[in-house]
Amino acid sequence: MTIRRPTEHLPFGEKRDPRFFGVDILSVSQFKRDDLEKIFEVAHEMSEMVHRVGTFDLLKGKVLTNLFYEPSTRTSSSFVAAIERLGGSVIQINNVTFSSVSKGESLRDTVRTLEQYSDAIVLRHPEQGSAAEAAYAATKPIINAGDGPGEHPTQALLDVYTIGEEMGTIDGLTVTMLGDLKYGRTVHSLAKLLTLFDVRINYVSPLALRMPEVLVKEIDEAGITQHETTDLDSVLGETDVLYVTRIQKERFENPADYEAVKDSYVITPETMTHAKDKMALMHPLPRVGEINPDVDEDPRAAYFRQMEYGMYVRMALLALVLGKA
Amino acid sequence: MTIRRPTEHLPFGEKRDPRFFGVDILSVSQFKRDDLEKIFEVAHEMSEMVHRVGTFDLLKGKVLTNLFYEPSTRTSSSFVAAIERLGGSVIQINNVTFSSVSKGESLRDTVRTLEQYSDAIVLRHPEQGSAAEAAYAATKPIINAGDGPGEHPTQALLDVYTIGEEMGTIDGLTVTMLGDLKYGRTVHSLAKLLTLFDVRINYVSPLALRMPEVLVKEIDEAGITQHETTDLDSVLGETDVLYVTRIQKERFENPADYEAVKDSYVITPETMTHAKDKMALMHPLPRVGEINPDVDEDPRAAYFRQMEYGMYVRMALLALVLGKA
Amino acid sequence: MTIRRPTEHLPFGEKRDPRFFGVDILSVSQFKRDDLEKIFEVAHEMSEMVHRVGTFDLLKGKVLTNLFYEPSTRTSSSFVAAIERLGGSVIQINNVTFSSVSKGESLRDTVRTLEQYSDAIVLRHPEQGSAAEAAYAATKPIINAGDGPGEHPTQALLDVYTIGEEMGTIDGLTVTMLGDLKYGRTVHSLAKLLTLFDVRINYVSPLALRMPEVLVKEIDEAGITQHETTDLDSVLGETDVLYVTRIQKERFENPADYEAVKDSYVITPETMTHAKDKMALMHPLPRVGEINPDVDEDPRAAYFRQMEYGMYVRMALLALVLGKA
C-alpha cells in the first residue's frame, strides 16, 4: 500500500482522504477498521445517488483501464458499471493473451503504457503477485481484481458491505461459511477482513476441504471465536449470515467421497425453514447447484443484491482512490 | 409482453407510455398497429435529433447491458450507437461462451446478476425461447436481439420503419420478398408485422425454399393478399418494395438445384431497369452476392439507409422502454 | 486524400480547417510541413486540456467506430482514450474475423454499414491498401491505424511529435534509427515524414537488415543527409534522437548471424553513458529486450511518454477531421 504524491492541483475546497487518494488496492490486509467504515459510508452514498439519478458526474474527466488477462465478466462488468455511473469512461481490454500487448511484452511495460492513457487500472491476472508487480511499476493507482490464487480484495469488501447492509450491523453476528473452505479464495479473504469486527465464525465443510490451519491460527490470534463442523444443521439455527461456496468434484481424490457429501451442502427451501427469520444467505456466484433456485424468492436470499452492493463498493473505491469522495 | 410496475418515482411533468415503459421486447406479435405508429413517430424524432446534434442526453443516467452469447457485430454496434447517442452508457459482453458467466451458470442467474448493474438488457442467444426465459427471470426490461430460430423483433421493426421512411407510407404498397423464404427468420417476422397494414405480398423463391404453409395461412387469415411465384420478372413491375435475402447453397439437397436457380435471384443494374422508378430495394445484410455492388449507387438501393433507420428504431425502443420518450 | 463536402451546417463562429475536415488519414505522404505544424499545435493544446481537466466535451455528439480486423491493444486503447477524453463515444469492434461482419462480407459493405452508426472509422486491417479501399467506399472519414505492410500514419505522426516535445525542436537534429530497418514499417514512415524537416539521419543495423535502397534514394532526393553504419558507437555521441526497433530472430536466414549481432543493438545504462546529456531514447513498443528495463528511469528514456504523446496526436486528428479544432 503506497501513499502517492498528488499529481494534480487540488481545487480549493475539495477534500481528499490521504488514506485512499492515489493508493493501490492490492490486499484486504491493507485496511484497518476505520478504512472499511469510510469505504462503506461512501458506498452507501453511492447507492443513494444511483437510486436517485442513475449516474452522476463525480468522476467526469477520469478514464479507467479495465485490464483483464483472464475473463471475469462479472467483475469486469461491475467495474464498467461503476465508472460509468460515476460519469467516467473506460478502456476495456479483455483476453490480453490473444492481444498484441501480450506479444512477449512484460506486465510492467503493458501497465506503464496503459497508464499513459488512463487515471487508474483495474487488473485481473492469473498469477499471484501480479497486482503488486503492476503497482510497483505504475505511477497511477492499481486495483487488484484477482491475481490467481492470491487476493481479490474488492470481492471481500463487497461481502462485508453486504453483511452490513442486509443485517444493519456486523458486530455481534455469527457468520457461517459453507462448502469448499480449503481452496476458496473468497472465504479466506472474507474471514481475514471479518477479524476487524466483533463476530463469531463457523466453518462447515467436508473434512477434505477444511479451512487451512494457518488461517484458523491467524484469525484466532485476532481474537475471533471460530468453530468447525461438517454438519450444517448443528449451527444453522444460530447463524446470522450463511456464506455458501461451491464444492468442486475435482477437489476430491476419491469421487465417492464427493458423492457422499455433496447433498448435505445444498441449500433448499427446506433448509431455510431451519434458519433464523432474519438472516442473510450469500454466495459469491456463479453457483452451480449449491443453492436451489427455489430459494431465490426467499427474502433472506441476498446473493443477487450482493452483486448490486458490489457495484457500490467499486464506485466508492474508484472515487476514493481518484480523490473525489 | 409484461407490464411492469414502475421502480422509480416519476418526476413531475414526465410522461411515460404504459404500453412500453418497463416492457420486454420479445416478439413482433406483441405489437398492435398503434404501437408501431408510436415507435416510428419516436424513431423519426430520434433521426431528426441525431442529424441536428449527434447525441443528446435523453437517457443520461441509464446503463444498458449488451449481452451477446453469439457474435452479431451489426446488431450489437447498432444498440451501442443507439444508447450512446441517447447519452447513456453500455456494458458490452461479447462471446459469453468464452467468458466466466458461462462457467455452467444458468442464463437466469447471468441475467439476474447483470440487471443489478444496468437498466435494461439486450440479449442475443442461439436458443429459441431464451429471451422469454430471461424476461421471466429479470425485473428489468429484456430486448430480444435474436434468439436463434426464434425471433429478432427489432430487425422486423426497422424493416417496416424503413419502408415507411423510404416510401412515405406503408398502406397500399406491394412488397415482394425474394430468396430463401423457408428458413429466413427475417422475412417471416416482416411478413407477420406487415399484416398490421394494408399491403399485398409477393413471394419469389425456388420451389425448395417457399414460404412455409403455416405462415402463409396465418397471414391470409389476417386478410392480406399473397402471391407466390418462382419468377421475379412476373412481379417486379408492380413491386414497391423488393426485400432480398440470401440463398445459401447448403439449403439445397442437390447442388445442381442450387446452380440452376442462383442466378435468377441476383439483383443487377439490369434488373433495376425493370423496376418502378419509385421503389425501395432492401436487404437485411450481410449480402454475399444477392445484390451486385453496382446497384449500390442506385437511389432506390435502400439497404445501407436501412442500417441507419435501425439505429433510430433501437433508440426509440430504448427511450420508450426506459420511460423517457 | 479526399476533400469532402461538409455534411452539416457550420454553426456561426465555428472554424473548420479545410485541410482536415472530413478528410481520410491514410498515409504520411498526404501531409505537408504546415499540416504537421497544425496537428502538433492542436495536439499540444490537447495535452494542456487533459492535464487541466482530464476530459472535455469538444467532440460531444460524435461516435467513433474502432474497427480492428487484427488485435492491436495499444493503438486501439489509444484511440478509445482519445475519443473519450474529447467527450465522444466509441463503438469498439475487435477481432472482426471471429465476428459476424466477416461472414463473407466485403470490407466495403462492413464500412458502409458502420458509417451509418458513427461519425468516423478507425481501421486496422492486415492487408495493404485496405484503408484506401475503405476510404473509397465510405462517406465518413477513415483513419488508417495500420494496413499490414502498408502504412500506420498516426504512429509516424506521434513519433515526430514526440521528438518535437522532447527536444523543443525538430529542425537541426540528428536522428539515429537502430535495429531492423529493412522490415520495420515504423522507421520507414518516420524517415519519410522527417524529410519535411531539416534533419540528419543515421541508420544503424546489421547488414542483412539495412534500410531499403529505394527509400534511401527517396529521402536523399528530399535533400536529407543520411549515413549508414553497423556500429552504434560511431554515431551515438552526435545523436539527438535514438529510435530503437526490434530485431527479430526470424528475419535472419542463419541463426548464427542473429546471435553475432543481437547484443550490439541492446541499449543498457552503460550505452546511455556515451549518449548526449540532452537526447531522447524512443521505441514504438512493445520491446522484447532491445532496451534494458534498467534504462527506464533515465530521464532521456522517452518511450512511455511517447505513448502519452500518441494519445494527444490522435485527439488532434479526431478533432481536426471532425471539424472541431
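We call the chains A, B and C, going by the order they appear; numbering starts again at 1 in every chain.
Here is the rule we use: a residue touches a chain if its C-beta (ideal position, glycine included) is under 8 Å from a C-beta of that chain, and two chains touch if they have at least 3 such contacts.
None of these values were measured; they are calculated from a predicted model.
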item: Superposition of subunit A upon subunit C: rotation angle, C-alpha, nearest 5 degrees; value: 120
item: Type of subunit A:subunit B copy interface by residue overlap (half), same or different; value: different
item: Whole-Å gap separating subunit A and subunit B, where each centre is the average of the chain's CA atoms; value: 40
item: Numbers and ranges of subunit C residues touching at least 2 other chains; value: 92
item: Parts of subunit A lying in touch with subunit C, wherever the complex brings them together; value: 60-63, 65, 89, 91-94, 96, 98-101, 103-106, 108-110, 112-114, 116-119
item: Residues of subunit B defined as touching subunit C within the complex; value: 53-56, 71-74, 77-78, 80-81, 84-85, 92, 95, 285-288, 293, 296, 304-305, 307-308, 310-311
